[in-house]
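Structures for review follow.
Next come two complexes built around subunit A: one with subunit B, the other with subunit C.
Now for the complex of A and B:
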């Protein structure tokens, strides 16, 4: 009986893993063999619609000047405003923003000292004072160029587009092995996964770090949900379930810092898993019942929503396999199959297997960093623990009805200070 | 309505690399078709030549001189099985192992200055060893007798030789390898698997003799097929570097599609 149950569990996990493997194979083949759907950059010359840029900041004195310098001159002041959101900062962020506001009329600061702290609450307040419908959001440690801002904004020329997402590229890749491995992950996630979801007409992820949305649409949906950690993922599925398209602009590259220490990566991954699972609980029914999504869009959306369940599932099947081994069952084939999955799927966050990452890096023009592909497996234990703890956090959120707390990601220059 | 942009003449685009956002490596359909046939042929040849490969495997194991080698019927051939001397510890030792594993796991968990990745691996290993000891204490027997474990190991190794080249061959279809590169990769993966299997067999024999049956699970589950896959992906990635260099050096019009 126990043996049958263990075998049954392993079979179930292998079945689910095979579905994900097929998904990644289809996306990778599509990216390599099918003509790519371009973004909206053909419209760049004619598109100068009014635009608002929001920059949420909490204790961002280390990076505030840089991001404001980059965005402030992106467009003429008549059709453009920048709203830096000082969200309960205790450092010099407010003074830096005030200094820029005194020098540039495009900057209209929002200072928050009361109410809930956190990105979604800040974005909701900023939408209230924004003058324009087309809205872009950048994290404070990002480096958006003028071309990038105009490129992302051009997506709103399409009236069906409710949100747009650009490509995130790590800029501190040469710091250590971890940052190089995270660079591989990002490459697989954006160059193949996001781009091909865009090409296939599926639902690319709107990420709140380098993307944008229509203020009118988000307002009509009730604004960003302040109770979820992954407000961007939540917005993605609310928009999609309501019939709005998410555009992905692969050439709109924006540079970010990835965690340089494994502890930072652990916390980040745990937070992502927690936020993503909160979204799964909240939006699953809406996605399944949406009259606007096609069958394939729903299937892909469901696979993405359930993606953080896979690492603990795989880990549980490895435990089941160990139990079968201890019981003296012949586990050769199961060990081969599960071992393959454990080695092949280690790019958590987007869950890209090695062949997808390899193809993405090849398209990106990477060379020596390709040799790091087998090293992704070294992060298996840390990643699985982080994701599993994130899932438990999400379950406890539901069980106890607790609201998540916001923690700011430590910037590299802060860490070295 | 026709596009109003004038098409660029060939000399205008010569040397220009398409932007990475939408470019794709050029694939030749006949080359892919040939590759599929070549991968299938490689797999068929592997199955046909398996008895001969198993003979070589047996000869290599005898050279190791780590234990007597017998054979058993397996998939069109004679599978070499090495006799393993495995020490089965008594209850007192098993309790000691459990205690040591528990204390070790807790100590590593609190060793904050250590690399978290290393700590994770060590804790997982300690839990595996402690769990194996607990299981043996409860059931009063090791998971496998020496010959059964040796047989399981050998069968799994051969299964991996058959499966891994096929999987990597399919995965490699997403990369514009040349046919000889693809076949070389599969051959390298197979050779790596065979050599690793021989060396690992010897290592297992020594470890189980010097250690105990408690090490069976950690050895098989951590250093079994997992190592083959990591090695296979390492070979795959090394070949990718070669392709990437070719894409970098080649005439952009021949190696990249604009979209």
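Now for the complex of A and C:
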């Protein structure tokens, strides 16, 4: 009985893993060999729609000046405003913002000292004082150029686009092994995964850090959900289930700072897994039942929604395999077909994410950094632990009816201070 | 002993893939972030600025480049360069790939060069070709069957004659010149599509219909004669715009955009496949700039005008 259950469980895991592997391979092959769908950044328009840029900040004195310097002159003041959101900062962030507001009429600061802290709450408040429909959001440690801002905003020329997302590029790649591996992961995630989802007409993810949305649409959907940690993922599936498209602009590259310490990365991933799983619980039915999504879009959306279940699933199959071995079961291959499947899966399935990342790095022009690919295997164990704990957090959130507390990833200069 | 050997052998084999990584970590050769130019600006005349920057300090002719203080005439292919400076004619045997004229420039019949910038007008005789980029402060006049290479941009009017080919154009306006031959009105009797808002395989807006919202359709769209659409139109198929239609918003098509006749398109056109601008079609208005973009090919008929950018990723032609 136990043996049969274990075999059944392993079969189920292999089935799901094969689907994910196929997804990786199809996206990678599409990115490598198919013509890519155009993005709207090519559109130059002398009458651009008015634009608002929101910059959520919580204790961002180390980076506030940099991001404000970059965005403040992106456009003339007539059709442009920047709203830095000082969200309960205890450092000099408020003074820095006030200084810029006194010098630039485009800057209209929002200071939050009461109410719920966190990015979604801040964005909701800022939307309330925003003057324009087209809205872009940048995290405070990002470095958006004026050209990137206008290129991203061009996506709203498409009346079906509810949100737009640009590409995140790590700036601090050379800091240590971790930042170099995260750089590889980001390449695979954006250069191949997001871009090919855009090309295939699937549902690219609005990531909330270098992107934007139509204020009228987000407001009509009730604003950002302050109860979820992954408000960006939540927004993605609410928009998609309501018929709006998410445009991805690979050209719109923006520097960010990735965690430099394993502990920071662990916490970040745990928080992402927790937030993502919350979204899975909340939006699964809406996505499945949406009349606006095609079958392929729904399938891809489901695979993304369930993606944080993959590491614990894989770990559980390893445990099941070990248990079977201890029980004296031969992990043999019953038939030729099964044998061929196992060989094919070992050759392609297990390495599908590596194909994706390797292809992305090649497209980006990377060469020597490709040699780091095998080291990503070590990250698997860290990721599995973080994601599994994140899942447990999400399950406990549901069981206890508790609301998660917002935490910000520490900036490099904060960590070293 | 045997177990220890097997264990060591396994560890050795398992470590092999990591050796190049360890080498890269010890002596990094590719650890810099992807390059992003934070100062970059989407400038359709960037190529011209680069030519001026490269050749601006050059006087006379260099190895493969020439800078003229006044007018420049390139004739007979790359072999003979004629420079007129203050009325004095200077003929040089040179192989010119790049040129910069502080006055006007004329490229003779079937002559070609790599790139050219002028501070005045640029005139291309029939069959002349610029392979990379052409830029003129005043305007560009291209004769029949000219090739305008990867990009051609100017501060004023950019005229294209029949058979000219291009990829990226920038002008105020870009005009396909030549006699417009008005085709006789369609003899087909009106259909239900001309009378009611109709949909089967495509959404059809009837003659004279006024729509004051954005339109999103998961099939083709036909915008009837004299229609006025005050918002933008997005089609997951193709968009057909009939003569006399006025579109105040953007047109976005996952397939083709086909503008028949004298339609007025106030904002941008974005076709993921082909874009066809019929005789008299106008994109944008005087005093501003818009973009007409095709992910594949553009065909522009004589009499069509674009104020701003005309982009054909896989090439465009005047038909």
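Throughout what follows, the second predicted complex is superposed on the first by the 393 of 417 C-alpha atoms of A that agree within 3 Å, B and C clash if a C-alpha of one lies under 4 Å from a C-alpha of the other, contacts with A are read in each partner's own complex, and residues count from 1 in each chain.
The rule we apply is simple: a residue touches a chain if its C-beta (ideal position, glycine included) is under 8 Å from a C-beta of that chain, and two chains touch if they have at least 3 such contacts.
Everything numeric in this text was worked out from a predicted model, so none of it was measured.
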item	value
Room on subunit A for both subunit B and subunit C (clash or fit)	clash
Contacts of A:159 with subunit B and subunit C, given as first, second, both or neither	second
Contacts of A:254 with subunit B and subunit C, given as first, second, both or neither	second
Touching partner for A:379 - first (subunit B), second (subunit C), both, neither	first
First (subunit B), second (subunit C), both or neither touched by A:38	both
Touched partner set for A:128, first subunit B, second subunit C, both or neither	neither
Touching partner for A:173 - first (subunit B), second (subunit C), both, neither	second
Touching partner for A:11 - first (subunit B), second (subunit C), both, neither	neither
Partner with the higher number of touched subunit A residues, subunit C or subunit B	B
Partner chain in contact with A:115 - subunit B first, subunit C second, else both or neither	neither
Colliding stretch - subunit B into subunit C, listed as 21-29, 75-83, 201-209 or 237-245	201-209
Shared subunit A contacts, counted only where both subunit B and subunit C touch the same residue	38, 364-368, 371-374
Of all residues in subunit B, those that touch subunit A in their complex	19-25, 27, 115-117, 120-121, 123-124, 128, 131-132, 135, 143-144, 148, 152, 155-156, 159-160, 163, 167, 171-172, 174-175, 216-217, 220-221, 224-226, 228-231, 233-234, 236-238, 240-241, 243-245, 247-248, 257, 259
List of subunit C residues in touch with subunit A within their complex	17-18, 20-21, 23-25, 28-34, 36-42, 44, 214-216, 231-234, 249-250, 252, 254, 267-268, 270, 272, 288-291, 293, 295, 308-309, 311, 313
Contacting residues of subunit A [partner subunit B, same complex]	25, 28-29, 31-33, 35-36, 38-39, 167, 191, 195, 250-251, 262-263, 266, 318, 321-322, 325-328, 330-333, 335-336, 339-340, 342-344, 354-355, 358-359, 361-368, 370-374, 377-379, 381-382, 385
Subunit A to subunit C touching residues, read off their complex	37-38, 40-47, 70, 143, 145-147, 150-151, 157-160, 169-174, 177, 180, 183, 201, 253-255, 364-369, 371-375
